[in-house]
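Reviewing the structure listed below.
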Amino acid sequence: MNIIQTICDDLASIRERKPLIHSITNFVVMNETANATLCIGALPIMAHAVEEVEEMVGIASALVLNIGTLEPEWIKAMELAGRRANELNIPVILDPVGAGATRLRTESSKRLLENVKISIVRGNAGEVATLAGIAAEVKGVESIGASAAPDEIAKRFASAYGCTVAITGAVDAVSDGKRSAAISNGDVMLSKVVGTGCMSNVIVAAFAAVESDPFTAAVGGLAAFGAAGEIAAAESGNKPGTFASELYNALYALDAEKLGEMARVD
Amino acid sequence: MNIIQTICDDLASIRERKPLIHSITNFVVMNETANATLCIGALPIMAHAVEEVEEMVGIASALVLNIGTLEPEWIKAMELAGRRANELNIPVILDPVGAGATRLRTESSKRLLENVKISIVRGNAGEVATLAGIAAEVKGVESIGASAAPDEIAKRFASAYGCTVAITGAVDAVSDGKRSAAISNGDVMLSKVVGTGCMSNVIVAAFAAVESDPFTAAVGGLAAFGAAGEIAAAESGNKPGTFASELYNALYALDAEKLGEMARVD
Amino acid sequence: MNIIQTICDDLASIRERKPLIHSITNFVVMNETANATLCIGALPIMAHAVEEVEEMVGIASALVLNIGTLEPEWIKAMELAGRRANELNIPVILDPVGAGATRLRTESSKRLLENVKISIVRGNAGEVATLAGIAAEVKGVESIGASAAPDEIAKRFASAYGCTVAITGAVDAVSDGKRSAAISNGDVMLSKVVGTGCMSNVIVAAFAAVESDPFTAAVGGLAAFGAAGEIAAAESGNKPGTFASELYNALYALDAEKLGEMARVD
């Protein structure tokens, strides 16, 4: 079975099984990522207290760690939840938001990569390059440039850390060190709304909750999210406020058949 | 005067008096509940620091406690604010988000119910059943099922805790232990957007700010919110992003006359 | 060159240079202010940990401090970031949200004004009056009234603190103690959506990032934001949910030519 057929089946599984996705994420996108989780057919839960994260992740089907507005106490909660997820074989998705912009973000990302077995890292080229030891510039949470191409950064990161990595950009690059994919779904409007990268994390997590191969889950999540972005852009013109609403509409309406028609994976 | 007439008068009072609603709530829905508060005609304030909650609640007309992304320090602030509200006879609305999903949530809810005189508890069937000692399943913040019907859960909870309880679902059930009401306003689209339960809390709180009978306030808040949900659903089709915007439009436009026509309370 | 021409050039500079705006702000509006930052052509970053704020502000072009959901630890981070910004000559914009409503808010605002050199204070009449020692009433975060007119409050505040101040309301008043301006852009719909005052902060900050004169930056930011509000109101009727989306659309589409036609500065 080819990967397009598999990710279409995975999307149908998400809508049928409604997996619980536990996010420990940043304050800027909590609502938006929770809504994206719901729109793709999964259930969102946000819980960050060290007193409850281990118990909460125990009833979840995937865990998302996002350091966008990190504090030391939150990183501690992420480690606790991540280790418990590892014990239970629940996939962990990490978004190293702003790695490369400050030492705290770079070091916290590395600490999580060392102390938790991460299934999939999802970030932009600058963040992932920084963590792979490739020169790059990150301006806040924006990738300004890197000294290697995204597919090359992805391969080197995946080999170094032994996990799947998904770099989003004009063309998304996914690698698990052995396999590579380029996903050319998406639209420039996705860069005009805050938190679309963070939304892509939870969509990838929903795929990982029903798909045992992290590489396929990353491809499926990014293709589905990118396809929704294209549909939303067509509905909203050059208007970011309208696009934000249409993105939810498109995620909610996306089904396996439509994903099969639209997915562009090479 | 029947209850429909009373809640219509209450809605008119909210719009005239613009009561300040103090929320100590979760990170996911702060913006959305603040906007819902404003749309129904009240004024929102979010303040959670232990250093100011007692002073802030002193200028408010109702207090909402919502444990959706709880931490011990926030529960402490909720207790301080709740006790001060009790001293000042300001109604307190509690949403025990995720009670039943983790021990921290169940125990924090019970602690608030013990240490603060709550006017109205608003939750889903699983959360309220858990606190009433009735077997139920809560998946994150989603009620999966309970071993009793909502109206029965409501009656038992209200009797056990001596307060009004409002369980939202396909049909909402309100009870104060003596009186019961079923509100059949609402639309399934309300379950497709994150935080609509939390929004219903602040609408109930706005009613409680102008209505001395908690049972009537709970009925009024849920009927008004459900009516707005129906109007928004009719405007937005099966599109959750569009529905979210239309829900604010509908709350803002709802007036006493429209509420009187639409309220379905048995 | 008159001020209208200057602010039009500044808007073009923002869109060309994409300055990074570092906000330490409240939980209610983080997403909305980040989106407003992006729509005007700048880049948003939210970071509040004391461990990273000094480093993060070092790569930013303006810093926004907003005490809307303050805690002592956050005020400490604001002071650290503010002092570092001062060392680097990065402009600092302060929004004293709710000053006058509680002692914590009034005192934290004063402490920031004492310990950090603020370029521009942006608030409502009640908040600014309180800090200027003029009798006023603040109900949560809403200005209920003050014993002086906004332009008089602005002049007295600016003289007392030696910085530019921008009071938003039906007509906005800007003063740096020597110069005064009244900006009559805007629409009443801006008061029907939560966080529009906070959005105006980041728009002012984007202007301050490219414009060395704080008075001109404040005028430019408020005129641009007000103009966008007018365009959005015309597109959305009396509907706050629709208006919120249209406000992003309008900010995104606003260019120097349109701002030049619409700005009303006296």
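Each chain gets a letter, A, B and C, in the order it is written, and its residues are counted from 1.
Definition applied: a contact is a pair of C-beta atoms (placed from the backbone, for glycine too) under 8 Å apart; a residue touches a chain by one contact, two chains touch by 3 or more.
Bear in mind the structure is a predicted one, so any value in this text is a computation, not a measurement.
Student: Only C-alpha atoms count here: how many degrees separate chain A from chain C in terms of the superposing rotation, rounded to the nearest 5?
Tutor: About 120 degrees of rotation relates the two copies.
Student: Same residues or different residues: which describes how chain A and chain B meet, taking over half shared numbers as same?
Tutor: Copies use mostly different positions to touch.
Student: Taking each chain's centre as the mean position of its Cα atoms, how many Å separate chain A from chain B?
Tutor: Their C-alpha centroids are separated by 33 Å.
Student: Scan chain A for residues touching two or more other chains and write them down.
Tutor: Within chain A, the residues that touch at least two other chains are 27, 31, 244-245.
Student: Per the contact definition, I'd like the list of chain C residues that touch chain B in the complex.
Tutor: So the residues of chain C touching chain B come out as 26-29, 31-32, 68-72, 98, 101-105, 139-142, 192-195, 238-242, 244-245.
Student: Within their complex, state which residues of chain A touch chain B.
Tutor: Going through chain A, the ones touching chain B are 20, 22, 27, 30-31, 34-35, 38-39, 43-49, 51-52, 55-56, 59-60, 244-249, 252-253.
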